[in-house]
Amino acid sequence: MKISVFRKEHFNAAHRLHNPAWSDEMNTNVFGKCNNPNFHGHNYNLIVKVTGEVHPETGYVMDMKVLSDIIKENVLDRFDHKNLNLDVPDFQSLNPTAENIAIVIWQILKEKLDKNLEIKVTLYETERNFVEVPA
Amino acid sequence: MKISVFRKEHFNAAHRLHNPAWSDEMNTNVFGKCNNPNFHGHNYNLIVKVTGEVHPETGYVMDMKVLSDIIKENVLDRFDHKNLNLDVPDFQSLNPTAENIAIVIWQILKEKLDKNLEIKVTLYETERNFVEVPA
Amino acid sequence: MKISVFRKEHFNAAHRLHNPAWSDEMNTNVFGKCNNPNFHGHNYNLIVKVTGEVHPETGYVMDMKVLSDIIKENVLDRFDHKNLNLDVPDFQSLNPTAENIAIVIWQILKEKLDKNLEIKVTLYETERNFVEVPA
Amino acid sequence: MKISVFRKEHFNAAHRLHNPAWSDEMNTNVFGKCNNPNFHGHNYNLIVKVTGEVHPETGYVMDMKVLSDIIKENVLDRFDHKNLNLDVPDFQSLNPTAENIAIVIWQILKEKLDKNLEIKVTLYETERNFVEVPA
Amino acid sequence: MKISVFRKEHFNAAHRLHNPAWSDEMNTNVFGKCNNPNFHGHNYNLIVKVTGEVHPETGYVMDMKVLSDIIKENVLDRFDHKNLNLDVPDFQSLNPTAENIAIVIWQILKEKLDKNLEIKVTLYETERNFVEVPA
Amino acid sequence: MKISVFRKEHFNAAHRLHNPAWSDEMNTNVFGKCNNPNFHGHNYNLIVKVTGEVHPETGYVMDMKVLSDIIKENVLDRFDHKNLNLDVPDFQSLNPTAENIAIVIWQILKEKLDKNLEIKVTLYETERNFVEVPA
């Protein structure tokens, strides 16, 4: 039987939603206050779900301390207290919506974790707006 | 890759659980305190999950502001600060259990959202009792 | 040194805000949606704070099980799954605002607890609206 | 259409992570602070998800009061305020990781609930570490 | 008897902690990651506490809808989705620490509310760091 | 004007409530399930409130990173993943009730922080039982 384990982490960052291919007017129409050229920011809560078999010797799917360290080194150190648009290479040409941030995190973690494990990422931009990758 | 976005909203309402085809005694036996003829009430927390592709130009599955407005106009304006049994036509002959309220909300939203999007509704009647439609 | 202990409980109830000395129009103007004649409802979260000395033999200010039982017998059994306006004598001629409900609960508990203990009541009508008695 | 209902409960317990087939050194390396021979403890939050059809006469998948009672009698009475390693037979030879505790709870509840209902168990060891059985 | 009522609101903003009278090295030493010249951001949760007498005709200390509107017009419209350092005049020469943001909010609200009411502001920068003004 | 800053931390521990001067029967009568000789445990949430003046050069009452480090070194390293009765000298002859744990933490932190700062400690034993020292 496969079971899932979850680890919750968080980071704070500034961002701006903007499509450079559009006029300023269209950016304002679509992204509203989120298009502020001086940026705004969020406390992002991140839940990483890892699905696999329970290892009979440890009783673990994987060690949550190891999972937490992998998230810290590969995601938090890269995103925490950063300006996503200016400081994080992943968003040089990708709009940092919650959807795209979660996809980037999922791609990063997929490479770092055992290929036998399935991964799902839930990212809370606020308590009322959040995303899950993949669906 | 399909991903999901979630919007959390809330409303307050009074209700009474009752099956008019049953005797008063049976209603009391089955529904207990929830059968109080003078009604009781809840703060309902509602999470709407929408699953689809990320639009490459916006980085959105759908605009959360638009989703929030659709929920407000079609669900909150209809249910908030209402007596579900007396004020809301959907429950004239349908028992307003959390299950049935969530099914009604899911049916309402399904009609209002793009047919390519899958919808799931989670409704919290209390912090400890909640339902998900569909499973 | 005096210290405080807190116990959190909850109840669900229907209510209507209404001043019978006013016209319907004035009631609607002042109380808005909360004046719905068919009632609406809430999940009320209640925190009771009790302040006193720590008893050296138990290490307790008071037994939380005893405090919980006193709240259940005197507050929850009276308010839970009730219509505050119709079912609860305290609100026959008192408007069941969060302020007044908290004052009633504070008066009830003050009589039931040791006179050497100070009591404060916090009542959450929603996650975003709450009151504290006394200030 | 199948829908799911959820009931949240909680219990407090002491435990120690330990594999008796390993040396003390290896136990410390793998389980770290969780291997403390004098035990440590947690407030476990438990969410039980039950999936089935809505019964047309009640509007319930199942009565949450009944589900709560089944969880209390079969899980909480067995685990609450206990030392999982010393007091609970299920963990005499099974390491009480969150994964294994959740599997045991799932097996217990599966036997007690109607065979037509699917069950999923989510167990929070802390706010940041939790598991889901089955995946 | 005086009692208190509370209203919870929230806003999102970018900011940078920086003292222009100091060297870059000292700014980094004191403010660490919060000194990032490209800014970072937070979801700020704000609780406004208002203390006064209950008005006998309404049962209110003050109408929470009115309080919410005053907060929206005077605080949220000024701070939400803004860069506190660049967009908000109050922080042109004042470091936007949680302490200073809360003091500014308290000063704004004090002017807008009835002089007979006492005001306290609690501001959550994260779930784990928050401030209260005045103490 | 004095203002307060708060830092939230947490630790997990096992404990047993017991008064060695009493008979087993009296211990069971008073402490109930909390008297289990094999211990039980909790996730303790700890909020430390520090009150003082805002320093004009930093905009801080005190650096939250420094406060967090002081709590970690003096409280969490001593209590986390421990058996309070067996592993922590403070409770060799003091009953580890929430009240007494909070008093010990308050005494520890008072010695480590600047004498001009007032300190208050809130300790959550569960979400529903918590204490504040001093009152």
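Every chain is named by a letter (A, B, C, D, E and F) in the order it is written, and numbering of its residues begins at 1.
The rule is simple: contacts are C-beta pairs under 8 Å (C-beta built on N, C-alpha and C of every residue); 3 or more make two chains touch, one makes a residue touch a chain.
If you're wondering where the values come from, they're calculated on a predicted model, not measured in any experiment.
Student: Using the contact definition stated above, find the chains touching both subunit A and subunit D.
Tutor: Correct list: B.
Student: Based on CA centres, what chain would you say lies at the far end from subunit E?
Tutor: D
Student: Which of these, A-D, A-E or B-C, gives back the A-B interface, meaning over half of its contact pairs coincide by residue number?
Tutor: A-D
Student: Taking all residue numbers at the subunit E/subunit F interface, are over half used by both copies (same) or under half (different)?
Tutor: At the contact between subunit E and subunit F, which are copies of one sequence, the residues are largely different (under half shared).
Student: Using only the C-alpha atoms, find the rotation that maps subunit B onto subunit C and quote its angle between 0 and 180 degrees, to the nearest 5.
Tutor: Nearest-5 rotation angle for the superposition: 180 degrees.
Student: On a C-alpha centroid basis, what's the spacing between subunit A and subunit F, in Å?
Tutor: Here subunit A and subunit F have centroids separated by 34 Å.
Student: Round to the nearest whole Å and give the separation of the Cα centres of subunit D and subunit E.
Tutor: From the centre of subunit D to the centre of subunit E is 41 Å.
Student: Which residues does subunit A have that touch at least 2 chains other than itself?
Tutor: Answer for subunit A, listing residues that touch two or more other chains: 127.
Student: Please classify the inter-chain touch graph. Allowed labels: line, ring, star, complete, other.
Tutor: Here the contact pattern is something else, fitting no line, ring, star or complete shape.
Student: Would you please name all pairs of chains that touch?
Tutor: All chain pairs meeting the touch criterion are A-B, A-D, A-E, B-C, B-D, C-E, C-F, D-F, E-F.
Student: Which bits of subunit B are touching subunit A when the two form their complex?
Tutor: 1-9, 49, 51, 54, 57-61, 63-65, 118
Student: Can you list the residues on subunit C that touch subunit B in the complex?
Tutor: 10, 12-15, 33-34, 36, 38-43, 80-83, 86-87, 126-127
Student: Mind listing the subunit C positions that touch subunit E in their complex?
Tutor: For this pair, the touching residues of subunit C are 17, 19, 21-22, 30, 32, 94-100, 102-103, 127-135.
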